[in-house]
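Have a look at these structures, which come just after this line.
In what follows, subunit A forms one complex with subunit B and a second complex with subunit C.
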Partner chain A sequence: MCLGILKALHERMKSPQRGAWTYRTLANWSGFSELDPIFQDCIQLMVVHPRIRALDMHLLYFSPNRADDIGIPLSAEEEKFALRSDGFYVDPDSGEKVPDYKAYLVPYFVPAAKLEAESRG
Partner chain B sequence: MGEITQQDMERHAATSATRGIRYRLMRWGAGDVPDYIEFVETVQLATALSCNLLGTNPKLHKKHSEDSLTELVIIHMMGLGFDARLDSMVGGHCDMVVNLNGDYKWLAEAKIYTSHSWVWQGYQQLATRYQPGDPHSSHGGMLIYCRKPDTTAQMVKWQGYMKSQNPALVFPVGTVLPIAGLFYSQHDSPRTGGPQTIAHFAVPLNWAPATKAKKAAAKKAATKKAAIKKAATKKVATKKAATKKVATKKVATKKVATKKVATKKVATKKVATKKVATKKVATKKVATKKVVIKKTAAKKTAAK
Partner chain C sequence: MKVETMIALLRARAPWRSVARIGLKELGLPVGMGWDDTVPDLLAPNALNAKQMIDLDGTVLEHLIVGEKSLRIYDVGRQAIDALTATMSKKKASPHPVVTGFPSVLSDAAMKQLGDVPPQFGRYVPSSRGSALVYAGVRSYTRRIELNPNAIKAVLPSMDFDSVIGVVNHRRMTYDAVWLPKSGKYLYVLADYPQDATSDFPAQSHLALERSLTKSMGVQLVPVDLFPAVQGLYDAPDGDVVELGFITDDDSVKHLKARQGKKCLRKDGYHTAGATFVGNALLPFRLAVRWQRKLNSGLIVQPEVLLPGTSRTIYGLNNHLYDCVLRNCLGLRDLELIKSKLSPHI
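What follows is the complex of A and B.
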């Protein structure tokens, strides 16, 4: 499964348009289900394995108050606090801490330096 | 929205210890950098899981060297997301070095438990040679590969030996990890004087399943029985052969005796025949003499 995902990633690296790759994007490209726990294990390995490290993870915030929200990327500082087990996230519109904020933060991935280097050959 | 959220990732991470560790490393990578103690606790949990995993198939590792075993631990640690390396140069060739962004280090020395002094040698190398003594590399580990049974008892003995070698050593209570026989020791760095804590991990590599021992004993008993039977059969055969030999000898002796008797008989007969012949000759001689006398007498009479 990991090799399938990696192959799909290398294909996408040929395209000039990258965008934000969510679990769903990666699952659609590689032909797996985003809900499959093994697929989620593979994404973990793509991010953390020192010999793979193909992806860097970031977060997008989807406001529960806007139905057509396309997501706001979190800053490095916001991510740092949001990722903690006892963390928080402040809504940029209201300035209020978002209750149950982890349900509105969507992880997305960008190519890590290693994948960029590999795709350049 | 329908996309996988951070909440879903946490749910996935909560389903197993390995997923939990990898998720923690994803968080670290995304900017939630841990303090040194969180790093150490995560590394030590990962090391305990890796040591236990290595101990699940001891039969496969019967002939593996210290380096091969450590390499397997390192491969698993990498699968959990750690930058772990074998034989890194840190004041010498330390068996395992786990490093986070070049800031934090956790060093470990690995030894097969052949004797107390051999493990002690490894501990001394780690404590006095490899550990630099700074606060961000002040924790480390001993990976002790136990090929004898009862790792917990061995670790108690090992702790006792450490006390006997250095009464100044302290054995603090530390985080409880899911591995048998674990304990912590603390010493002051010879370079900086700062406290250095070592977690001692036992890897259970004993391979002596009871079923196999039973089978081997049964096989041994059967072999012994067969050998006894063979020996008895041989004894009987030897006895039979000896009896036969004796009988053959007897027959031969009898034959010789019979022959002797026959020869004697023939000789006796011959003697008797000779005697008869001699007698006959003597009789003939007497008769001849008698005839001569008679003739002489007749002659004398005629002359008269």
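What follows is the complex of A and C.
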């Protein structure tokens, strides 16, 4: 499955767009189901496995108190804090800690440096 | 102002990441992750030197005037502005308790006792480019708050909620301002507009201030139509367009929003390809533009103006847009910047 996803990623890298990819975009390109736990594991592997490292994962925050929020990307420092086991996240508007903050963070993926290099040949 | 008051005013009113944090850092003050992480350092004995105290006072006062506002512009003529400036510079603050200890942050209990208070004149603030009349009031509005579904489970064990929304009647202090520039014929009214309030929130201040200004100036005030600035700012080369609503000659209404970051929707690939396809025949009705203003320290403030037109404004004949929304402004210089961007189009 990993190879299938990688093939789809390489195909996509031929286009000039470098957007924010979601589980769903990756599933659509590679033809797997985003709900398949093995698919999700594969994506995780592509983020963390030192020899694959095809994708970088980042986080978007969707404020629970704003009805039409389109999501705010976290800075590198905020991501570091949010992913720690004793971490927290501060609402960018109020500056107050968000209770149960992990429920409002959503991952997205961008091509990692390694994938960019491979796609350039 | 005491340090406690200055921090409380910023904490209650300024967006943390884009305004408060930047304003504090600019003065060389310690800034952590969020307010809880920052306040103890600011309240420590001698945390601020004498210069930082004065500078922070200025920052907070300027933010009261320009921060998170709905703006209306009135063409009243130079003479009327000079006359009003002369009268108001000598005017005493209103005797109403809402302006006692101006500027202050009242406790929930104190606000409950006062109830809703329309804008009361608090202070005349002179500066190099003009002067501001600052008003304080109290207003309640409804807010949506997401609750923890597990807490509700304890009360309603038979129900499984994915999300629970609470509606609360929230009371907050309003700080509204009238900006009287030293040059030009326009007068600017800035009404408080918290991010989580609806557009009827600032409308109440606009109505009250318009009435009070009409009375003291003896002329009927009619706000300037800002609708031409929608097309004007879209066609202008500078700033990043971060929100755009438009129609083309087909049958759908388009509404685009950009996330935080530097992307400009004018250059968005999907948008430019579509604009070329329709021969650039698009009519914008809603637009937000963000500019970058570099501070002395190299930090950047990103003042933003939203012209909140609707598609009805563009389909209708002779419709107007009387107010715009200022976001992420830190000080008077941001107001100056936005004024200079709007003025060619009004």
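Couple of notes before you dig in:
Here is the rule we go by: the second predicted complex is superposed on the first by the 121 of 121 C-alpha atoms of A that agree within 3 Å, B and C clash if a C-alpha of one lies under 4 Å from a C-alpha of the other, contacts with A are read in each partner's own complex, and residues count from 1 in each chain.
The criterion applied here is as follows: a residue touches a chain if its C-beta (ideal position, glycine included) is under 8 Å from a C-beta of that chain, and two chains touch if they have at least 3 such contacts.
This is a predicted model, so every value here is computed, not measured.
For the composite obtained by superposing both complexes on subunit A, the positions of subunit B and subunit C are free of clash and fit together.
Contact comparison for subunit A: of subunit B and subunit C, B touches the greater number of residues. When the two structures are aligned on the shared chain, A:P92 is found in touch with subunit C, with no touch to subunit B. Of the two partner chains, subunit B is the only one touched by A:R24; subunit C is not.
When the two complexes are overlaid on their common chain A, residue A:E34 makes contact with subunit B while staying clear of subunit C. By the touch criterion defined above, A:A82 reaches subunit B but does not reach subunit C.
In the superposition on chain A, A:K7 contacts neither subunit B nor subunit C. Vertex at subunit A: the C-alpha centres of subunit B and subunit C lie 160° apart in angle, rounded to steps of 10. Of the two partner chains placed by superposition, only subunit B is touched by A:P50; subunit C is not.
The minimum CA-CA separation between subunit B and subunit C in the overlaid arrangement is 11 Å, rounded to the whole angstrom. Shared interface residues of subunit A, touching subunit B in one complex and subunit C in the other, are 77, 100. Residues of subunit A that touch subunit C in their complex: 17, 60, 64-67, 70-73, 77-78, 81, 88, 90-97, 99-100. Residues of subunit B touching subunit A in their complex: 1-7, 9-10, 12, 15, 19, 22-23, 25-27, 29-33, 78-84. Contacts from subunit C toward subunit A in the complex involve residues 11, 15-18, 20-21, 33-38, 143-146, 148, 195-196, 257, 259-261, 269. Across the complex, subunit B is touched by residues 22-24, 34-35, 37, 40-41, 44-45, 47-51, 56-59, 62, 76-77, 79-80, 82-84, 87, 100, 102-107 of subunit A.
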